[in-house]
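One chain, chain A, appears in both complexes that follow, with chain B as partner in the first and chain C in the second.
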Partner chain A sequence: MRILPAVKILARRESPYLPLLLPTLRDIDSARRELRWIAEHFHDRAADGLAVETNSQQKIKLKSSLYRKIWKACFLRGYKGVPLQYILGSQPFGDSLDIICRPGVLIPRWETEEWGVKIARGIRQYHPFFNAEENLSSQIIFNILDLCTGTGCIALLFAEQLKTNKNVLITGIDISQKAFTVARDNRKANDHVLGTNLSVLFKVGDIFTRDLSSMSNIDIIVSNPPYVSEENYYSWTHTERSVRNYEPRLALIGGVEFYKRIFEIATTTNAKAVVCEISDGQQYRDILDANCVDSSLWCSGSMYDEAGVVRTIVSWRRDAEDEWGWLQNLIS
Partner chain B sequence: MYSWCGRSILRQLLPAARSSYRVPLAPRFATKTLCRYYSTDGESSNYILNSELRAKAQALKIEYKQLSESLVNGYDDAKMRQHAKLESLINYADEYEKLSAEVNDLQELSTATDEDSLQLRDDALLEMEEIKQQMASFRTKIERLLIPSHPFAHYPCIMEFRPGIGGSEAAIFTKDLLEMYQNYCQAKKWKYSILEYNPSGDGSGILEGILVIEEPGSYERLRFEGGVHRVQRIPDTETKGRMHTSTTAIVVMPQLDAGDENSNESERSFAPGEVRVDIMRARGAGGQHVNTTDSAVRLTHIPTGIVVAIQDARSQHKNKAKAYMILRGRLAEKEYNEKVAEERKARTSQVTSTDRSDKLRTYNYPQNRVTDHRCGFTMHDLSGCMDGSALDTLLDKVQEWATNEEVKNLQFQ
Partner chain C sequence: MIPQSLLLPFTACVQSSILRCNILAYQRVQLSCSRVARRVLSSSSPWLKGPPPMPPRPSISEDEIEEVFIKGGGKGGQKINKTNSKVQLRHIPSGLIVSSQATRSREQNRKIARRKMAEELQYQNDPESSRRGKLIEKKQKSKRNQRKKSLKRARLREAERQGLPEQEKLLQPPCDSSHEIEPSESIYDDADQSELENDLRILREIEEEELQNSQSVQTDLVEDEYEVDYTETVDLLSDRNEKKKRR
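Presenting the complex of A and B:
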C-alpha cells in the first residue's frame, strides 16, 4: 500500500527523522515508536559524555554527532530496511536478558521467547527434579541440549528461568563460528543468570555430522532450527524483505531433515523430551508424515503461539510419563 | 458559587427544583443552602474527635457492658474475642472523654477575666496545649480502631494519566500533572518509574502515561487523586488570550505484584480463557519469516470487558507482564469500588460523592489557585503544588475529608 502524502507531511512536521522510517514501517504509529526506541538508545549512550563534558564547544560537537547517529540509524532502518535489532545491537529477552544481536546471526523472535518461557516455567513447576528433596538430587545434573542455538537466547532463557540450587547444565551447539562468538558474548553480558550450580556451554558443530553420543542422559532437547522452506523464503507474502536481505540464510532455510536429525540425536543421547519451533501446522503434519517421530516411543503434540499459529512440536518419551506427562496440558 | 456545584447535581438533589428548573431562582437558592464554602477553621483542630465517632464509641460502650455481663454467666469464645477487641477501644474513648472534660475546664479558666485567675491563665494555656497533643494521639488510635482500613492501604500504586476534553491543551496539562506527581515522589524520596509514555503529535503533551510508584503505602496516600482534574488557564497556543478549561483523567490503582503472568504470589490469578491476549499487528507466517518488533500486547478481561494495551517496551514478554500487572490493579480497584458503592447505597442523602464522573480539583493559573472540590479547600500556591512541595498540604486535607466520609458511612453499617 502506498504511503499517503498527508502522512508524510504529518511525519515531517512532527520530527525530521520520522519520514525516514516510513518506507519500511508503513504507518506513523510504529514509526513513532521505533524512533523513540532509537532516540532513547543513542541518548542513553551519549548521556554520560554530555554530563561530563563542560566545554560548550565540545558539547555541541557531541550533540551534533548524536543527531547524526540518530539520523543514520533512521535512514538504515527506513530506507535500507535493516532490522532494528541490528541497529541497536540488542533485543530484550525473557525477564531480564538483553541478547546481543549482530549481522550474521538470527535475531531472537518473540515466539521463541514465548514458548521458551512456557516450557521452562513448566519444568520448574512440574518436573520432579526441581520439586524433589535436596539430598536426592544433589549428585544428579539436569541436562538441557539446545541445538542450533544461534545467539544462545534459548539456552540463556532456560538458565534464567531454571536458576535454583539444583545442578543444571545447558549446552548450546551451532554450526556457525559467528553465532558461537555472539553466544559467548551473550553469556558474558548476561552473567547474572549463571550460578554456582548452573552453567551454560556453547560449542561449534554441525549437528548432522558431529557425534553427540558422548552426551548421554539429556533431559530435554530444545531447538529453533532453520525451518523456512526455499519456496517461502523467496515469497514476499511469507518472508519479509528485511529478513531476506539482512539475516543469514543459513539460519533460515531448512526443513523436515532437521527435525529428523533432532529426533535421531534424541534417541542416541537418550533424551526424555524434545521441544522444537516449527513454521506452521503444515510443517507439523509433514514432520509426522515423514516418520521423524517414532510414535511407539514418543508422545507428541503441537503448541500454538499467541498469534494463533502452530509454533512448536512438543514430544516426550512414553516411558518418561512421570516426569514429562505434564506437557500434555500445554499441547492442543 | 456556581464554580463547582453543577446544575446536574443540583437537579438530582432537589426533586422539587427539577420541575421549576427554568426558574433561575430555584438553583440559586439551592446553592446557597447546599454549597459547602471553603474551609474556614484556621486553628488546628486535629485533636477533636468527630462527634459521630464519639457517639459511636459511646454506643459501643453499652455493647461492651452487655458483653461483660454475659461473659460472667458463661464463657463463649466468639464473645470473648469481641470483648477483647472492644476493651482497648473503650479504654481509649474513656481517656479521651476525661481529657476533653479537662480541656473544657481549662478553657473556662483561660477565658476568665477576673483579677485572681489572670496569673493562672498562662499556665492553663500551656497545659491545654499538652493535653491537646495527648488527645490528638488518642483520636488517631480511636479512628484507626473504628474505621476499617482500606484492604490495599499498604500497597504501592500505579497511576494512569489520560487527557480528557480540551484537545492538545489537555494533553499538555496531562504532562504537567504527570510531572507534578513525579516531583512529589522525588520530594518524598519515593522510587518511581514511568511504565508507559505516549507523547502527543507535537511532543508537547502526552496521550497516555503510566506512573508506577514503588513505595509501599503510596496507594493509601494517593488513592483519592483518581478522578477528573480540571485546569483553567490561557494556553501558550492561544493567540487571542482566551481562557480555556480542559480536563485530565487520572486512575489510581494498587500494584498487587511485580507484574508476572504466572507469579504465584499474585492475589488474583486468572482462569484459562478468562483473559484474551491479542498480539497487535501480528500477521502472516510469523516466526523466522518476520523480524519486525511487533511487541504491542492487548489483554481483554472477558467477564468485565476491561481492556489493557501496552506497547511501550521492545520486548513483548515485558509488555505482557506489565499489562497483566495493570489488569490486576484495575480489577482489584473495580471490585473494591463496587463493594463501597453497595455499602453506600444505605445512605439516603448523598450530598457529596467520590464518583469518578465529578471533577475533583481545579487548577486555576490566572488566579494562582488550586481548589479541591471535595473538601472545599483552596490553596493559593499553584507553583508549589505543581513542583510537588505543597501537594502534601492538599493531600492532608483530602485525607481528612475522606476520614469524615468514612465516619458518615459507618453509621449505616
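Presenting the complex of A and C:
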C-alpha cells in the first residue's frame, strides 16, 4: 500500500522530520511517536552541552548539530529501515532495566520480556527456595543458566525480579564476542539489579561444543535460542525487512537442533526446569516429535503470549514436582 | 497599620490586566520577600491565597481491571521488531477501555494507563469536582485570559498604527478579532494528538511523584524552584517600587 500524497503533505505541515519516517512507519501516528522519542533522546544527550556557559555563537552551533542528528536519525529510521533501538542505543526492558543495543547483537523483544517476567515472578512467589522459612534441602544457591544470552537481557531480568536476601547466581553464555561485550556493558549500566548475594556472570562459548559439566546444580535453564527457519527468514511475509537487513543472522536462523542440545545440557547439568522461547505451535510439535524431551522424565507444555501465539516451551522434571509443579498453572 | 508604600504595588497590580494572570506568583514571591511584606501577603483576602487545591490523584484497585490485548495471531517473536508497546486496560464492572502507548517502556505505559483509567472513572462519576474536571476548567480559564490578552494587544497595535496618544489607546473600540488574534489551536487538531498530550501530562505527574518520593527529606530544593520560576514577577515588583520612590 503506497503512502497517499495527502498523508505526506499533512506530515510535512506538522514537522519537516515526519515525512522522513513515513516510508518505514507508513502512518503519521507512529511517525509522530518515534520522532518524539528520537528528539527526546538527542535533546537529553545534548542537554549537558547546552547547559555549559558559552557565547551565543557556540550555542547556535550546538543547536544546529542537534537538528542534524535528529534529521540523520529520522532518515536512517524511515528510508533505510534501521531499527530504532540501534539508532537510540537502548531498549527499556522489565521494570527498571535499560538494555544497551548495538549492531551485531539481537534486540530484546517484548515477548521475551513478557514470558521472562511471568516465569521470574512465578519463581519468586511459588518456589520453595524463596518462600520456605528454613532451607529444607542443603541447597544454598539458586542457579540459573541462560543460554544464547545475547544482550544479557533475560539474565538481568531474572536478577531484577529475584532480588532477595537469598543467594542467586545467574550465568549467561553466548557464542559471539560482540554479545559478550554488550552483555558486560549492560550489567555495568544496570548494576542496581545486582546485590551482595546476587551475581550475574557472562561467558563466551558455543553450546554445541562447550563442556558445561562443571555446572552441576542448575535449577532452571532459560533460553531464547535462534529459532527462525531459513525459509521463514527469507520470506517477506514472515520476517520484517529491518530485521533481515540489520539484525545478526547468527542470532536468528536456527531450529529444533537447538532445543535438542538444550535438553541434553539439562541432563548433564541436572537441571530441574527448562523454559525456552519458540517460534509457534508448529515448532512445539516439531520439538516433541524429534524426541528432544524424554516424557518419562519431564512434564512439558506450551505457554501463550499476549498476542495469542504459542511463544514458550515450559518443562520440568517429574521428580521436582514440589519445586516446579506450579508451572502447570502457566501452561495451557 | 500597613504602610501606604507597601499597599501601592498591590493595588496597581490588581488594576493591571497583565499581572492579574500572574496572581498565583504572589504565593511564591512571599518566600523571597521581606518579613513585613510576607505578613501583608499572608492576609486572608481570597486572591492572595491562590487557587483552591486540586482534588487528590485518584487510584484504582487491581481487581477491577484486566489487561486486554489485541489478538494478532501469526508472526512475532524474533521475526518482528516492534517499537511501540501499547497497553490496553479494561475496567470489568463498567466495560471502559483505556489504552496508552506514550513511551517505549511497557512498564511506564502500564502505569500511565492505570492512572488514566482512574482519572476517567473519577471524571465519569463526578464531572465537576474530579481532578480532570478541574484541569479542564483551568485550561479554559487560561485560554479565556489568553484571548483577552491578545485582543488587548491587537487593540494597542491598531491604536499605534493610527498614531494616537497613550490615553486614547485604551479607549479604542475592540477591533475585528478574526484576523488579529494569534491562532491558539494547532493545525493538526485531532483526537490522537490530544490523547498523546494527556498521556504525557500523566507521565510527567508520575515522574514528579517518584521524584518527590525519593527526595521527600530535602525541602530546600522546592523553595529554590519557586524562586527561579518567578524572578520575573519579583523584578517587576521591584521596578514598580523604584518608580514610586522616584515620584
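In this text, the second predicted complex is superposed on the first by the 324 of 332 C-alpha atoms of A that agree within 3 Å, B and C clash if a C-alpha of one lies under 4 Å from a C-alpha of the other, contacts with A are read in each partner's own complex, and residues count from 1 in each chain.
Everything that follows uses one rule, which is that contacts are C-beta pairs under 8 Å (C-beta built on N, C-alpha and C of every residue); 3 or more make two chains touch, one makes a residue touch a chain.
Everything numeric in this text was worked out from a predicted model, so none of it was measured.
Because the two structures share chain A, they can be overlaid on it, and in that overlay chain B clashes with chain C. When both complexes are overlaid on chain A, the residue A:E14 reaches chain B and chain C alike. Of the two partner chains placed by superposition, A:H192 touches none, neither chain B nor chain C. Shared-chain residue A:R121: touches chain B; no touch with chain C.
Shared-chain residue A:P226: touches chain B and chain C both. Overlap of the chain B and chain C interfaces on chain A comprises residues 10, 13-14, 30, 33-34, 37, 83-85, 91-95, 106-107, 109-111, 113, 224, 226-228, 232, 237-240, 242-243, 247, 251-252, 277, 279, 305-307, 309, 311.
The part of chain B that touches chain A in the complex is made up of residues 199, 201-203, 260, 262, 277-279, 281-282, 284-295, 311, 313-318, 321. Of all the residues in chain C, the ones that touch chain A in their complex are 67, 69-85, 101-108, 187-188, 192-193, 196.
By the touch criterion stated above, chain A contacts chain B in their complex at residues 10, 13-15, 30, 33-34, 36-37, 83-85, 91-95, 106-107, 109-111, 113-114, 117, 121, 224, 226-228, 232, 237-240, 242-243, 247, 251-252, 277, 279-280, 305-307, 309, 311. Partner chain C is touched in their complex by these residues of chain A: 10, 13-14, 29-30, 32-34, 37, 83-85, 91-96, 106-107, 109-111, 113, 224, 226-228, 232-233, 237-240, 242-243, 247, 251-252, 277, 279, 305-309, 311.
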